[in-house]
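Sending over a structure as structure tokens; questions will come in a sec.
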Amino acid sequence: MTVAIESAPLLQIENLRVYYWTQAGPVKAVDDISFTINPKERFGFIGESGCGKTTTIMAILRLIKRPGRIEGGKILLKGSDILTLSDEEMRQSRWSRISLIPQGAMNSLNPVMRVQDQIADAIVTHRGAVPIRELRERIGDLLETVQLSAEVADMYPHELSGGMKQRVCIAMATALEPELIIADEPTSALDVVVQKAVMETLIGVQERLNASMILIGHDMGMTAQVADRVGVMYAGKLVEVAGTRELFRQPQHPYSQALISSLPSIREKKRGGGIPGLPPFLLNPPQNCLFHPRCPHAVAFCQETPPPMHRIRTSHMAACHLLSAPEQFDSAGESDGGVLGATKAAAGAEAPSGHQTR
Amino acid sequence: MSLTYILRRLGIFFLILWVASTLNFVIPRLAPGDPIAALIGEMEEQGATVENSAELINLFRERFGLDDPLPIQYLKYMAALARFDLGYSIRFFPATVSQIVAAALPYTIGLLTATSLITFVLGILAGALLVWHSTPQFGRAVITFFMMLAPIPYYLLAIIFVSVLAFSLGWFPYSGVVSVGRLAEEGFDFGYIVDLVYHSLLPAFSIIIAGVGGWVLGMRGMMVTVLGEDYLTLAEAKGLKDRRIFLRYAMRNAILPQFTALAITLGYVVSGATIVELIFSYPGMGLRLFEAINSNDFPVIQGITFFLVVSIAVAILIIDLIYPWLDPRITYSRK
Amino acid sequence: MTTAFMPETGPETAPAEESSIGTRGLRASVRYWLGNWKLSLGLAMIIGLTGFSIFGSYIVDFDLTKVAAGDFNARPSEKYLLGTDNVGRDVWALIIHGIHPSLKVGLIAGVLGTAVGVVLGVVGGYYGGSTDAVISTMADIFLTIPSLLILVVLASYIRTTTLEFTALVIAIFAWAGPTRLIRSQTLSLRERAFVPLAKLSGQSDFEIAIKQILPNLLPYIMAGFVGAVSGAILALVGIQILGLGPLFTPNLGMILQAAYEGAAIFRGMWWWWVPPTAALMIIFISLFLISLALDELANPRLRERAK
Amino acid sequence: MAPPLLEIRDLTKRYGGGLFRQPSPPALENFSLRFVEGEAKITTIAGESGSGKTTLANLSLDFIHPSSGQILYRGQDISEMSRRERFVFRREVQAIFQDPFGTYNPFYKVDAVFNTVIQKFKLTNERSERRRLTEEAMEVVGLRPNEILGKYPHELSGGQRQRIMVARAFLLKPRIIVADEPVSMIDASLQMRILEIFRNLKEEYGISFLYITHDLSTAYQISDDIYILYGGSVMENGDIEGVIQNPHHPYTQLLVGSITLPDPDVRWEGRSSSAASEDTAAINLNGCKFYHRCPHAMERCASGTPQDYSVTPSQTASCFLFE
């Protein structure tokens, strides 16, 4: 499951910012996030809807639409910044280097083109004309890798079930053997049994290609099962990054803790759970730590200073004052011992009680 | 394409014909008094104005079966229509209505087919380009200008064209289909065709320019919707070339509802075009219609209407039969 | 008749979300939409023209519109602001007394057509079944038949003597467009989850149609109305150019017809044909602007583009 | 034994089947269920798309009519109710739907949701009383009335909108709430809060729930018993603890095995299926519905319809393996 971390990361995101310019002002959909993805690694993003996950991956593909704009930062793919590429160079790198498995496979296939033509489109555009027979063979092979019969090539999308469409999208995404596959909720519209099967197919293909993968999951259980490392996003910020096991066992950021403990499971019955309050309105977000209005441990200091990314272990980072400036909580604790107690419990290495397996 | 689909389309084809011809039957009989009886009476009195009027009157009596009960009259009328027998022109008796229509129909059909196709293609392309991101600003301005012509009726544009381009500037002939003195018998040579096209240009322009805007508008609306679809995002992510995304992914899908709309606007186009013909004295159905109105030539009025409805119904049938070929989903589901 | 004027319809073009004026409250949305230049310009043009004609009617003597009221074929001058036609009618007076009757025809046919369209569209769309099949097929057929030609047949048998009567005749064809538009919207609204919820809240089918569906149809009803009005005026003028309208009641179509008959263009009598053409242009363009604005109101994606 | 409140007997629903059309295979077949007066419980109906669970919801709300079988409310067939009886039925059997936005008419403020109910069910005529009832209902679901009333639905979050729907149902003090996928469009972080409200309503107000979902994890959290549907038929039924922790029917095993646990150390169980076998249209119409996808399929399953066999005292499975 854990992949040995090689020296050179495949993808390095540095201080990426994406704003949407509305009439009322900028919405900071992605605000100053940095992370890296290593070769062959599966990186999962979790967070409530609207926290900037999809915007982040669209930025990596440079497909942000007006009124959105990439305001700054670097997206280094094998060391070179794709934000400096010309439009034509970027077009050429799409799909051949970074491919996408879209959110709603239901509507992601062109309804008036046969499956074969849609896959062929990607191949021919990037690899030049290929003899028809060879092309057909190649497409047949691709469909086979996602457990579809070759007849599917001649079908139109409306003739396929949801799971089959999603498999077609996977076949298409791997057609050019890209280095990075981005999967945006690849299974959220499917039935549970199908979800699992499609996910297994996806992982199989990704491992065969030795590609890296970014996975956005509506279903955090799925992310826990599949990802090597996980990033937690909240209101456009990356608040925690850690190995999957570490994150789900010992989440450090109060938001991650709440998010993970709120998940229903068939391993235990919980009472309560969930995060109080609402994600912030990004036109007028709270100051500094964006989570403080909903945070059980918040003190005045959280509103005054932005929390820096604190490195807990080599591969585990979280942006919370609890971790990087505990003295603030100590001084606050002098007036209110309760906060200190809660703080220590939360910052401690022990998993929150709500998360133990039986 | 399933058989039920074809049968259903044929059903609609006949329904259109039936409604239109029934209206044609009912309308004269709604008139206060009986205009046909009155007309016959008038003809009997005037006697001399129309040649062989006694014969005509007899034919009329028989044809309209004025002494029969209404349902019988209706059946006789429908039976005659089925044989394309529309009776005789009053004004040009003994010429039949079918002969008169046959002389005028090619001009109208020719003009309309050409202009409708050109209008449709131009409008669709322009509408799609209007919202496409890489269309230059200048192109958008031109298209927007044509879009703004959408509300102007054909006939007003025709009037302006006649007055400015034909009359004041003298660039185009303002009436007729060929130059005076040039007769078809002289031969159907190249010069004749050039002359024919030259004379058709202004009427055609009026129809095209006044019609493009509507298509631009419809296509723009649909394109905006299609551009927001997931499959467009995926096409872009696939790194396809701009032109391919535009043609195969965006336009190809946005065009489908326009195609359906084409069937529905035909009636409107034909109505408008008849008046344009009148303004340009173009010897098609519109001009014949006007002449018939002025001489109370009821059989010709009805005949022209009937033939135009048939033409439209045929066009719609063709469009409907082509449609499933454009939209693979159609055989399975269509409202 | 003027399908070209109608907003593109169908569930696929009008995303269910945030499309309806309701999302911001009626009063707020009225304020918001008056800020839309197309709507305000269109309204200003049509209201201005109507006001000009109605007030003008009190000032300019109606008798000037009668045959032989002045010189024949007179050029515009101080005496005849827009000259006279070939039978001595004052064009300025004809225009002033001719605009509001033309609009009235549009209004009568538009109101009738829209009213019928709303009833048939909601009934067909909401109740569905064979009623709907009949209604929608008839609407489609009435849209395809060249209405102007049928109107010509009708008018040639029943020589209409008053404009009101012509309006009624035109209304026979004015219902099909609005019916189609309203029906397709009702069809998609019916599928929205607030309909079963209203049922659970004890509302009857009739109440659901009136209280839940109808308010959301408002922009489409307005669009259907504008389309029907301009279609009716278009048809009126068409009928008249063919020589089938009332010949002596001043209105724009009749002036145009007289100008055509009198070969105004070839005699260089621009003052005869330009003013009615211009007035009609203003009417059609203003209605078009209004329908564009309504289109944006009903289709939020267009709204974003329009900014 | 207390009298039944809601009793569903041998309910079958086929769609289509007009004059010329073949009737389609049943969307729901021979379904029975019972809620008893005075014993509030949460019953889950679980299944994939096409399993018939939404058909059951629509039938039990009297939105559509059964092809055969009956639904009795307080002993009265709901399709043959008098005006008076229907009034009571509507008031006492309420629903919460999946889409927390679509259920709102965008034309009206959220207040209208409450006002319509109060007016149609004649809860009160007084303005102040109306306000009091509304506020009370909102507090039960943990909403602050001042933050909500007077707003349009699009100004609220999905979680808020869905809670308002719960409050609306609560206002009528119903006996049963049919909740059709009430949290599937809601962020994971809020799902449990809504479900927690359900549990409170059951425990404190004695309201029963028919919880319709595809998500066994949430079902496990709040329900007392569960029916697993496949192709319109019940595959397994029983106490929630038993069915989830000890599934017997092969289909239930497949479903439970597909649940993803938010725990990297507990791997997926069950077998992986190929694209062909995941086609949910693959329903066997002659015998066991699950035949085409079943790993244990036997010859007799193709044509013989299994009965409900008891596998534990509180659990039945409809599979020949347990005959």
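When the chains are written out, they are named A, B, C and D in that same order, and each has its own residue count from 1.
Here is the rule we go by: contacts are C-beta pairs under 8 Å (C-beta built on N, C-alpha and C of every residue); 3 or more make two chains touch, one makes a residue touch a chain.
Not measured: the values here are computed from a predicted model.
Should one ask which of B-C and A-B has more C-beta pairs in contact, the pair is B-C. Averaging C-alpha coordinates per chain places the centre of chain B 22 Å away from that of chain C.
Per-chain Cα centroids separate chain A from chain B by 56 Å.
Chain centres here are Cα means. That of chain A falls 32 Å from that of chain D.
Measuring from the averaged C-alpha position of chain A to that of chain C gives a distance of 53 Å.
Taken chain by chain, the contacts form a single closed ring in which each chain touches exactly two others.
Chains touching one another, given as pairs, are A-B, A-D, B-C, C-D.
For chain B in complex with chain A, the touching residues are 229-231, 233-241, 244, 248-249, 252-253, 256, 326-329, 332. The residues of chain D lying in touch with chain A in their complex are 48-49, 157, 159-160, 187-193, 195-196, 214-218, 220-221, 244-245, 254-268, 270, 272-276, 278-281. Of all residues in chain C, only 16-25, 192-194, 196-203, 212, 215-216 touch chain D in the complex they form. Within the complex, the chain B residues that touch chain C are 12, 15-16, 19-20, 23-24, 27-28, 30-32, 35, 131, 148, 150-153, 155-156, 159-160, 162-163, 167, 174, 211, 213-215, 217-218, 220-222, 224-225, 228, 257, 261, 263-268, 270-272, 274-275, 278-279, 289-290, 293-294, 296, 298, 301-302, 304-305, 308-309, 312-313, 316.
Residues of chain C that touch chain B in their complex: 1-5, 7-8, 10, 12-13, 137-138, 140-150, 152-154, 156-158, 230, 234-235, 237-238, 241-244, 256, 260, 265-266, 270, 273, 277, 280-281, 284-285, 287-288, 292, 295, 299, 301-302, 305.
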